[in-house]
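The following pair of complexes shares a single chain, subunit A, combined with subunit B in the former and subunit C in the latter.
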Partner chain A sequence: MYFSPAALLLALTACEKEARVIAADQPQTSPRGPQDPRAAAYENNAYQVSQGGRYFSWYGCGRCHASGSRGDLASAGARRDLPHLYASIAHGHTSGARIPPEQIWQLAGYIRSLPRIDPARRKRQDRDLRGEPQGPTWTGALR
Partner chain B sequence: MSRLDETWADRPGWWGFLTTVDHKRIAARYIVTVVAMLFLAGMLALDMRLQLSAANGTRMGPQLYDESFSLHGSTMLFLVSVPVMEAMGIWLVPLMLGARNLAFPRLTAFSYWLYLGGVLMLWVPHALGITPDLGWFEYPPLSGPGYAPGHRADIWAQMITFTEVAALSASVNIAATILKMRPPGMTLARMPFFLWAMLIASLMTIFALPAVMLVTSMLIADRLVSTQFFTPAGGGDVLLFQHLFWFFGHPEVYIIFVPAVGFVSAIVEAFSRRPLFGHIAMVLSLLSISVLAFGLWVHHMFAVGLPRLGNDFYTAASMVIALPAGIQIFCWIATIGSGRPRFATPMLWVVGFIATFVIGGLSGVMVASAPLDLQLTDTYFVVAHFHYVLVGGAMFPLFGAFCYWYPKATGRMMSERWGIIAFVLIVGGFNLGFFPMHILGLEGMPRRVYTYGPEMGWDGLNLLATIGSTVSVLGGLVLVANALLSYWRGAPAGADPWGGPTLEWAAPSPPPPYNFEHTPVVTGVAPLWEHDDLPVMTGLKDDAREVLVTSVLDAIPLYRQHSPAPSIWPLLCALAVSAMFVGSIFTAWAILWGMVPIAVGLILWFWPVRGRATSGPLRARGQ
Partner chain C sequence: MDGRAAMRLLSPAFFIPLAACAGRQSPLAPAGLQAEWQHWLLMLMFWVCGIVYALVMALLGVSIWRGRHRLAAAPETSPDDRRLSRGLGLWAGMIVAGLTILILGSFVVERELAGERRREALVVRVTGQQWWWRIQYRDPAGTGWIETANELHLPAGRTARIELGSVDVIHSFWVPNVAGKMDVIPGRANAIDVTPHRVGWFRGQCAEFCGAQHAHMAFDVKVDTPAEFAAWLAAQARPAPAPSGAAVVVTNGPCASCHTIRGTAARGRAGPDLTHVGGRRSVAAGTLPMSRGALQGWIAQPQALKPGTLMPAVALTGAQIDAVAAYLESRK
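Then we have the complex of A and B:
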């Protein structure tokens, strides 16, 4: 059978984007410099990005960095690479030291994905997550 | 006869394969695809059973287990059960009507190609590692944009669209054929019970399937263009999804079951060697099932939290459906009891069906009660219940029907000995495997867990369930092997090996492309038992594709209708539709631009080949 290289490439990248690795051997360490190969596996993977989005609301990031606010991180996600973002979450925030490394990877991956997300879609995703805890406050299930 | 052959035969080779509109060839394709799907879904089931056979299983992680049960459920419901019933209708309805083809032959071809599109839509991404993982009903918000990243949920939703368009095409076709193409003399009152079952199932399909197409399209819109149908924070409602889904989902169970009732009745009648006991009561109970089926979807949502009155009403409605189902069971028993039954393989399957289905029906009455359901919901009791009704109530009759009509389709008999071995393995293994699940459910084992701890004490029964399922799968392999080997090595069957009462047994085995040399004329509900020589009607052309159209109630011949010839356009249109469906996962613009090739395809498909009428209301102007 004949496969065109382009189709094959598309299929492989689709796999990378769609892969869902739920296992114990997740990163326990921060990025080893700007070329860390693990970055791609976080910022290009739909599942990791989505987990990062959930932690984004759980850790209350949205209080200062809400979509469309002055602290919106979409431009930061476009400007900085993932290891930079990792460092500013882990060391630029007082609570950063308490977040496990894997979750920081996911948070940074989420921020890297923000400039690629259509604003309407980001708003729609945030609406789905409205029932999640927002930082230390949780108002209960949506009614 | 050679002239009929020439008129109705397909071109040889690939071109004939791609363009055929012969309902028998298309139905055979459907069934081969279904068997492949059944095999894959069975392997998935076995894999899951191996994972659960002991506590703390490590064969699968949670993600793989989620994908496995989602794929198993979606395949069995959307790619096996419904299509196989449509396929049996596509194959049998014209034969049982003494007709040359279905009412819309090219729509039959279109229906298969789209069904194949649905199969590929689910299984090609699976091969690439992108598998829907949210169960067979993918409730939002779990399937919404906030919680289901990537395209897994979209793939599931579009697979539904494919298969539902295919099923709607087949149902419209079957209903129109039964209503307008019955042979002279076959009034509605003289219509064999199987045709009633297919007619009712087709009408139910036409009413039920739009609901699920609507709801999956709304889900795709939520995910693709950020509409807010299912997000409470945006004024949407997640329960809307459940209501619309189950407004389809419950009738769907009966869309699968009603044709099975038709199989059972046909087999019981032929092997008891007497007309069906209580034919009218059977038809009426089928009609009442079809109406009631649309009024009890909420019993799938008892645990959601509904007003008391709602729960009470749907509890009552769910229990009421046991009455018509009971009438049918008693009518079959009365037919067998008052006839001269012969227990060949098809009849054994009926016995297996009655025993298994009654158990499933009884556990159904149990979970129909809202308070008990609240205890049992999402436990293995429910898993046991729906496997008893779906496998016992639909798959066993299907296997019986397969054995019953196999000689007609292939001209060969299946081995009776291996048929009995397969029957014992499947029915025995099934009951051994699934009965313990009732007890596991009562002990509290939840559905959809990928493993459990040893302290729960569920190991023994789970191991038993795995052993039973394995035996059942082995039986399935024996059944398929028997069918394959008998195709070449079976004894020649002749036209009527079982002494059947309905018209399909008057055609040669396997039936030629034109089915019947002459259109039969019918004087009763069991035409072949009433005459040694079937009366026939002449007058259809043998050098052009013509079919007879009759009136809806009394089957009075009205006119001869041209039946469309083979065409490549159904395939090309199905490809265009597939391109639109697949594209719309990625961009909303695919819907707009995808319409263009579909429109071109449909215009060419329906390009008129006849001149304008020169008389009557459709007369061309100026003539």
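Then we have the complex of A and C:
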């Protein structure tokens, strides 16, 4: 078999950098009114919902809003639409101002998902989330 | 393959990649007990298999050469069975001997690697996360844990038991100069013992594909002398002074939701501990070498440097970013 140098050089044409989108999937602003089309993209996307769940434990939301407690958000998720939930996270909590918009969207999407999942699955989900790094008392990954 | 192509294959250019086989991320330059045993096994396999390969090639060559010279003569219709069966017996014996050497070598090495060294071991907790490493040491002066990230310090001559955990997906802990790989599996307690003895900087890397930034999930490993290690750990245990001026956003702004700076109000646990971030060698798990500029860039536009990272771009002004980067860089 004979490799011509020209054929080898041809392979170098593949060395161009691929085009990558580095921005978030959706514009990074708060909702524009109750009909904002981004709401569907957050509450119906499994990745966005699960990220919201992780932030929920990272930011210690479960301290007041643990499932089964008085602050359980499942009924709020059923009653309010996503832009409303966004506003109450961003403006109703002192720490809300610290959270970037994309994460608030995801948190609101997670809360919207809570009434839709059955109790057994919610229990499993809560157990998984206990392994997420949170607060000064967290002792490490689930083992 | 003609002769010219064969020559090209043997040209010096072909061997240039082999120059990468020594250095700070290589199993061929062992710096620890476990890596040395594995290197020994690798060499044993190389020589046993290499000798068998050379022997097969030589015998093949001899038979081709003999066959060519005998073509003129009449074909042999009744070969000498006795010589053939003696040769086959010898060959089978060599295969058994070769495999016995390999399996014994493998058993000896496995026995060494799994040996019980827990009693004198230094316990280090390493937790894999997309895409960085949380590293925790027991506080020698107290009961708690001292946390750092993406930089593992180990004392030379002492076994460290690295307890591995994952909070999301499967990762793999791999520092080839010091030991082999060990998978990091969510929900499972894995551990690997390492006994480094050569002082220096090495490189570790996640060795199990774990998502978009798997390649940027590296960490630096420093093997210190025991005195250096004790001094380093004592320095890591010290809290940081509070920031002043525009840098206060690091403790009362968005950064504090995910990052801890011990001694200040920043107590988030989701991201790496930043108490002594300026003393580390790299930013964002081996993505950039540590400098004030790298910190500025990382804070301003993390998605451009490490697309997919969970570090979000936050709304800070240029002056705030510069002040935060200066504060973090001074946290040696």
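Note that in this section the second predicted complex is superposed on the first by the 113 of 143 C-alpha atoms of A that agree within 3 Å, B and C clash if a C-alpha of one lies under 4 Å from a C-alpha of the other, contacts with A are read in each partner's own complex, and residues count from 1 in each chain.
Basically, a residue touches a chain if its C-beta (ideal position, glycine included) is under 8 Å from a C-beta of that chain, and two chains touch if they have at least 3 such contacts.
These figures come from a predicted structure and were not determined experimentally.
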item: Touched partner set for A:G131, first subunit B, second subunit C, both or neither; value: both
item: Which of subunit B and subunit C A:K17 touches, first, second, both or neither; value: first
item: Partner chain(s) touched by A:Y59 [first = subunit B, second = subunit C, both, neither]; value: second
item: Touched partner set for A:R79, first subunit B, second subunit C, both or neither; value: neither
item: Which superposed partner A:H91 touches (first subunit B, second subunit C, both, neither); value: neither
item: Partner chain in contact with A:A46 - subunit B first, subunit C second, else both or neither; value: first
item: Partner chain(s) touched by A:R116 [first = subunit B, second = subunit C, both, neither]; value: neither
item: Residues of subunit A that lie at the interface with subunit B and also at the interface with subunit C; value: 20, 22-23, 131, 142-143
item: Subunit A-facing residues of subunit C, complex; value: 1-2, 5, 8, 125, 127, 129, 134, 136, 165-167, 186-189, 253-254, 256-258, 267-270, 303-304, 307, 312-315
item: Sites on subunit B touched by subunit A in the complex; value: 61-63, 128-130, 133, 141, 144-147, 149-152, 222, 225-226, 228, 231-234
item: For the subunit A and subunit B complex, residues of the former touching the latter; value: 11, 14-15, 17-20, 22-23, 46-47, 49-50, 53, 118, 120-121, 123-131, 142-143
item: Residues of subunit A defined as touching subunit C within the complex; value: 1-3, 20, 22-24, 54, 58-59, 95, 98-100, 102-103, 131-136, 138, 140-143
